[in-house]
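Heads up, the next two complexes both have chain A, just with different partners, chain B and then chain C.
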Partner chain A sequence: MNIVTNFLKVPYRAGAIVLSIGTLLVILIAAVITLPGFLAPENLSNLLAQSTVLVISALGQTFVILTGGLDVSVGSIISVTTTIMTLDLPEVVRVFLCIAVAVAFGLANGYGVARLNVHPIIMTLATMGIGQGLALIILPIPGGRVPDWLSASVAGSVGPVPNSLFWLIAASLAAAWLLYRRPFGLYLFASGGNDFNARMNGVPVERTVIKAYVLSALFACAAGMFLAGRLASGDPKGGATFGIESVTAAALGGVHLAGGIGSILGTVVGAAILGIVNNVMNLANVSAFLQSVVKGLLLLALVVSQRRKTIGL
Partner chain B sequence: MSMLVEMVGINKSFGATRVLSDVRFSLERGSVHALMGENGAGKSTLMRILAGVYQPTTGSVRLRGEDVSFKSPKEARLAGVSTVFQEFTLIPNLTVAENMFLGHEPRRKDGSIDSAEVVRRSRELLADVFPQLDATAIVDTLTVAQQQAVEIAKGLTSNADIFIFDEPTAALNSTDVAHLFKVIRDLKAQGKAVVYISHRMNEVFELCDVITVMKDGGWVKTAKAEDFNLHSLVATMVGRELQNFFPPRSQETGEPMLEVSGLKLHDGGASVAFSVRKGEIIGLAGLEGQGQREIMRSVVGVETARAVTVRRRAGGSAMSAVNVTSGFPNAIAAGIGFIPEDRKQEGLFLRLPIYDNIALGKQLNRNMASVAWRSVSKVREIIKSLRVAAADPGAPVGKLSGGNQQKVLLGRWLLSGVDILVIEEPTRGVDVGAKAEIYRLLRDFSDRGGAVIVSSREHAELIGLCDNILVVHDRKIVGQMPAADATEESILGTALGSSSAEDPRAVVH
Partner chain C sequence: MTTSETKHETPPRALNARRAVSWVLGLPPAYYVLAILIAVAPLVSATLINPNYWFVILKQSAPLGIAVLAQSLVMRVRSIDLSVSGVFAFAIYFASSGFLKNYPPYVTVLMPIVVGLAVGLVNGVLVAYVRASAVISTLSVSAILIGVVQYMSAGRAPGSTPSWLRVLTNGNIHGLSYSVIVWLGVTVLVSLAFRYLIVGRYFRAVGDNPRAAETTGIPLARTIFVSHTLAGFLTGIAALVQVSALAVGTIKPGFDTFMNALAATILGGVTFGVDRGGVAGPFVAVVAFSFLFAMLTVFGIQEPGKLIVQGGIIALAAIIYGARTGRV
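Moving on, here comes the complex of A and B:
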């Protein structure tokens, strides 16, 4: 009984997750029926590798969106991470430098939004510019070498299971643990639901918001590591599209941009929808321009068909 | 008996504005203490100091004999002060249990929240007081009365011994009020102290042991409830005797101004029909949520009914149809105004000046491409005639008291020149002095040849204000009576008599 009622109540705070899962299934079935190459092992592992950066960055983005904010600097942090991994420094130092840079960006975003009341888009637009510039200063053109262990951890496989799946699962579990197992998760939903009332109840709203931006940056850092390993080199513009795509993925997964509604499963499903649509259209030789139109329409269709309900008393 | 709370010499200023000066207040165990005063008298500010939302500029707060100074509402709650604010402090996307324990959740050893324990303890606490409330329900899906129950239950989680209720009955219907009173009496019987803020006199006399009156940020009088009567209490609050709380009813009413017929709120439902005459004020009464709101809103086209025909007098004696199904603008064009219950959200533009809020009445009838209507003197005239307590039309409406905000809304429709007014809860959150003024303004409107439709949860208000009362139950009109002959009992009897199978208690939580 408890399990049933809990299951019925989860969708409320998770948003239109049933709709997202349904869409994913429809797209999957359509892809399997119409494209014979879709289920080929090499395509599946390719699809997985392509989607992993998106999933990891969208998971981080979910924390920020749950507060009612937005983090467009995610893409720049991914790019910076790939370039730092090519620096001529001891490998351990490169890793720590990546993490330090990500934390610095996250703290700056969070502090600006929570304490200085800068609008999230303006705040992260500014750090997006800074991050992009920094990446180009470190590595003006794509290239360089990343540590071999990083490439190996991305490219290899354990038996038939590609390593990228482990990255994906690890990131999802970490995000789920933070959101559902830590007090931070409850405070995140509370702050996004009604920040004034959350404060009245003793929820540390500012600290929660800052943590959300730091986590978003750290997940972007992990996504950047994966991308660097996959390219086996650095790319100062390699992450550029993920700032927006991570938001798209979350929105496709039923995360409300107004805050307070969303789920980890939803974001993973949303990112999967986007990844599979990309993959399918590539397989079917759809032009890149048309792909963009299709993705835009898909986003509109899914978001419009969600039951619009403004939360708030 | 020792004093549980003693507040002495409390002063509070916001910037240069002094809102409390030298206020004293004390609270005994096992008593219900009413805090009375007009809006702006400082009651809420005083209670927010006790609840830790504000800190006093000077003065001392003693709790159980010890000096305390709460820096946050959380500190106050943990020290045993629980507040049910007028605006709830719930988080809409959390469950009842999560809301109850927010900020002090039971933890597991690893620091994570023990959700099972949160639900278990919530159920335990709710079982005594609100057995019908589901601990795992999402707060956003609850009714106002249930949300209030959650607010009260939050106090139980911290084992509070002081409960502050700030206008708890403003949004409740009479059965929910009865249950709330029972809860408050139980708290009192357990030796807890209750502070009760309300504008409803009968509630205060029914419930409270001690009454403290405040006026203009200062303490006026504290005495046992039985030492006051209705007149002396009102006189103490406003500092003068109130004459003629309700204006006299209309002497004669003219031809019908507005006819509503065939109004169906849902498929297969009974159809509702009524009419309002020139110079008449009619009231829609009944238990809360029986369709009054939907009927009012369908008549002006703010909500869409399944079917409705609205006809109004169009000069001479001819009636012409108003196409309300395609929206409120048609009603406005036909000279019908609407004042919603939630004036802050639905009626006013809080950050805009009084001027713009009133001048909107003129803009509404004009072509989109026409030049905006502008006449400061006209708006000033309206402000003056309504006696809005703000000389400057440039002041933002959000700064005004509830009563003055309501006058601004009235002013908008007076300027627009409507002669039919549909108004929900005309005096919700309005203090005693301003209530009487609003009644007078509505009566003036009808006396000048207008027609008014009112709905209200306070049946006493409808009885005093209206000419005729329609009793609504289960989305249909089940009775009609002249207001002069109506009593609160006869209204309730008519409402419930219509469906004796329904137990009124079923409405409670």
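Moving on, here comes the complex of A and C:
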């Protein structure tokens, strides 16, 4: 129960979450009033399925952003996961291989950033290229077949509740537990807020940063599994857009890219805004090509409204 | 014997040798990569050491080279510009879609530069004065530009680029393409500006320590604004050169432009706030990258292998630099 309560709390370090929730409500109300089909069960189920990959990857991204970093390799890890799930190996081995690859990428990113002093964008850009190359070697073109249980766990439903909602809730609760119920969460906020002060107060900053990157990779792995289940096949470039979109979702949810400020609820709200905007524009028959413009303007408006103390990245 | 006397007695030749070794070790990784590639090239293929082949490589590298110069300007002041792909997409579409065919040729030439400059100004205002995140704001601007292009083209490829504009890439002086001459000219101009104008010192001071720079009276916001504006202007020139290199327009210039620009900037010794490569470092890095990809093609290595090699080089360069300088 505490996890749920904490999930809904809006502490000062949650950032401009009220603005994000307000934006989401405005979009939701406008959609419900103007689009009769918006609340149809099929549409809501479709909306959930479309948004789940983004929500899960953005939750992992939040850990990294809270440290003041950025993980653009998320998309490649999603792609690699979908391709590994189509390999001609025992199903358990495929799952373990996905997790092992994700942990390896996370460790490489974390070690590079925390111990070898490489800038997060540069380090994760490098692993992004390596991951994308790896995905294309495993599966040069989209195709293959994923285990049936994976497709069923994504596409099915329990009564009227689609399975994707369970994925979404499980990922959100896991992230909330890590952030609000474990010392790691506190260390994360401390490291991102001021790493020098955190170190002086005994916070293992380097270990915390490495853990954040490993968690980001593991969440990306989970997102990749969901995507593979949804497509029922692998796609070597299927995750390409999520590296940047996960950052966008987190930023829309009030997570500060400078680190130390953000929340799980904010990230979920940010991803929901992106998902609903896409869905609303599809329902309203807005050109798919205009969606990029609308999303860009929305992001710009929200970022402009969150004036920071620092200038730069 | 005092310590100072001991130092005084060190032979000048030994000192010079130590300085030389220190200078060589301090060079950005791009120089090592290029030296290794040049050393290996004769063993791989005789074509790779043909001067004409080098002219082709330089010609193909020109748009990326100017884009790298632009990226290095913003990275020097601890910022980033992710709108490169957007500017390229916009410029290529409008130059190849026939929108400007009723206007004088100079409009087509100026269009990419004006677009780049306008984008640079918007980025500069957002990052320096509104204090929005450079990653998010420049990414949003790029998404808007690409969205506008895709909407206007309805997803269809545009027509061909003006044939007269292709002279910028195809024309040459003693084998050296005009586009390479533009690239070299811009590089020299930026280098001179850094060497002799106060703005160069401002860039270095802001990159080294923004807070200290601001405390000592350097206009922090204005310096970052200028860096973004100049970067936009240079990206516009890069887009013009790219348009001249294409026979047929495209609406998907790709994320590769940005990826390669960032990779080459890092390899050239310019990272967030670290400016050890000067203007020559990124230049050498672009040549090294183009040569490396040409060599990989000779070996028959396809896109996946190239991506892995590119990622590996970025990581290695950044790790070596991080170990040497403390932060990359």
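Note that the second predicted complex is superposed on the first by the 295 of 313 C-alpha atoms of A that agree within 3 Å, B and C clash if a C-alpha of one lies under 4 Å from a C-alpha of the other, contacts with A are read in each partner's own complex, and residues count from 1 in each chain.
Assume a residue touches a chain if its C-beta (ideal position, glycine included) is under 8 Å from a C-beta of that chain, and two chains touch if they have at least 3 such contacts.
This one's a predicted model, so the numbers in the text were calculated from it and none came from an experiment.
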Of the two partner chains, chain B (first) and chain C (second), which one does A:Ser292 touch, if any: first, second, both, or neither? second
Determine, under the contact definition given at the top, whether A:Leu97 touches first (chain B), second (chain C), both, or neither. neither
Quick one: classify A:Arg13 as touching chain B (first), chain C (second), both or neither. first
With the two complexes superposed on chain A, say which partner A:His119 touches: chain B (first), chain C (second), both, or neither. second
Chain B versus chain C as contact partner of A:Thr248, first or second or both or neither: second
Thinking of the overlay built on chain A, is A:Leu136 touched by chain B (first), by chain C (second), by both, or by neither? second
Can you tell me whether chain B or chain C touches more residues on chain A? C
Once chain A of both complexes is superposed, is A:Val303 in touch with chain B (first), chain C (second), both, or neither? second
In the overlaid three-chain picture, which partner chain does A:Arg181 touch, first (chain B) or second (chain C), both, or neither? first
So which bits of chain A does chain B touch that chain C touches too? 311-313
Within the complex, which stretch of chain C touches chain A? 77-80, 126-128, 130-137, 139-144, 146-148, 150-151, 153-155, 210, 220-221, 224, 255, 259, 262-263, 266, 271-272, 303-308, 310-312, 314-315, 318-319, 322-323, 326-328
Going by the contact rule set out above, which residues of chain B touch chain A in the complex? 53, 72-74, 77, 87-95, 98-99, 102-105, 107, 111-113, 136-141, 147
Under the definition above, what is the set of chain A residues touching chain B in their complex? 5-6, 9, 12-13, 181-183, 186, 189-190, 192-194, 197-198, 200-203, 260-261, 311-313
Residues of chain A touching chain C in the complex: 70, 108, 112, 116-119, 121-123, 125-137, 140, 240, 244, 247-248, 251, 257-258, 287, 289-297, 299-300, 303-304, 306-313
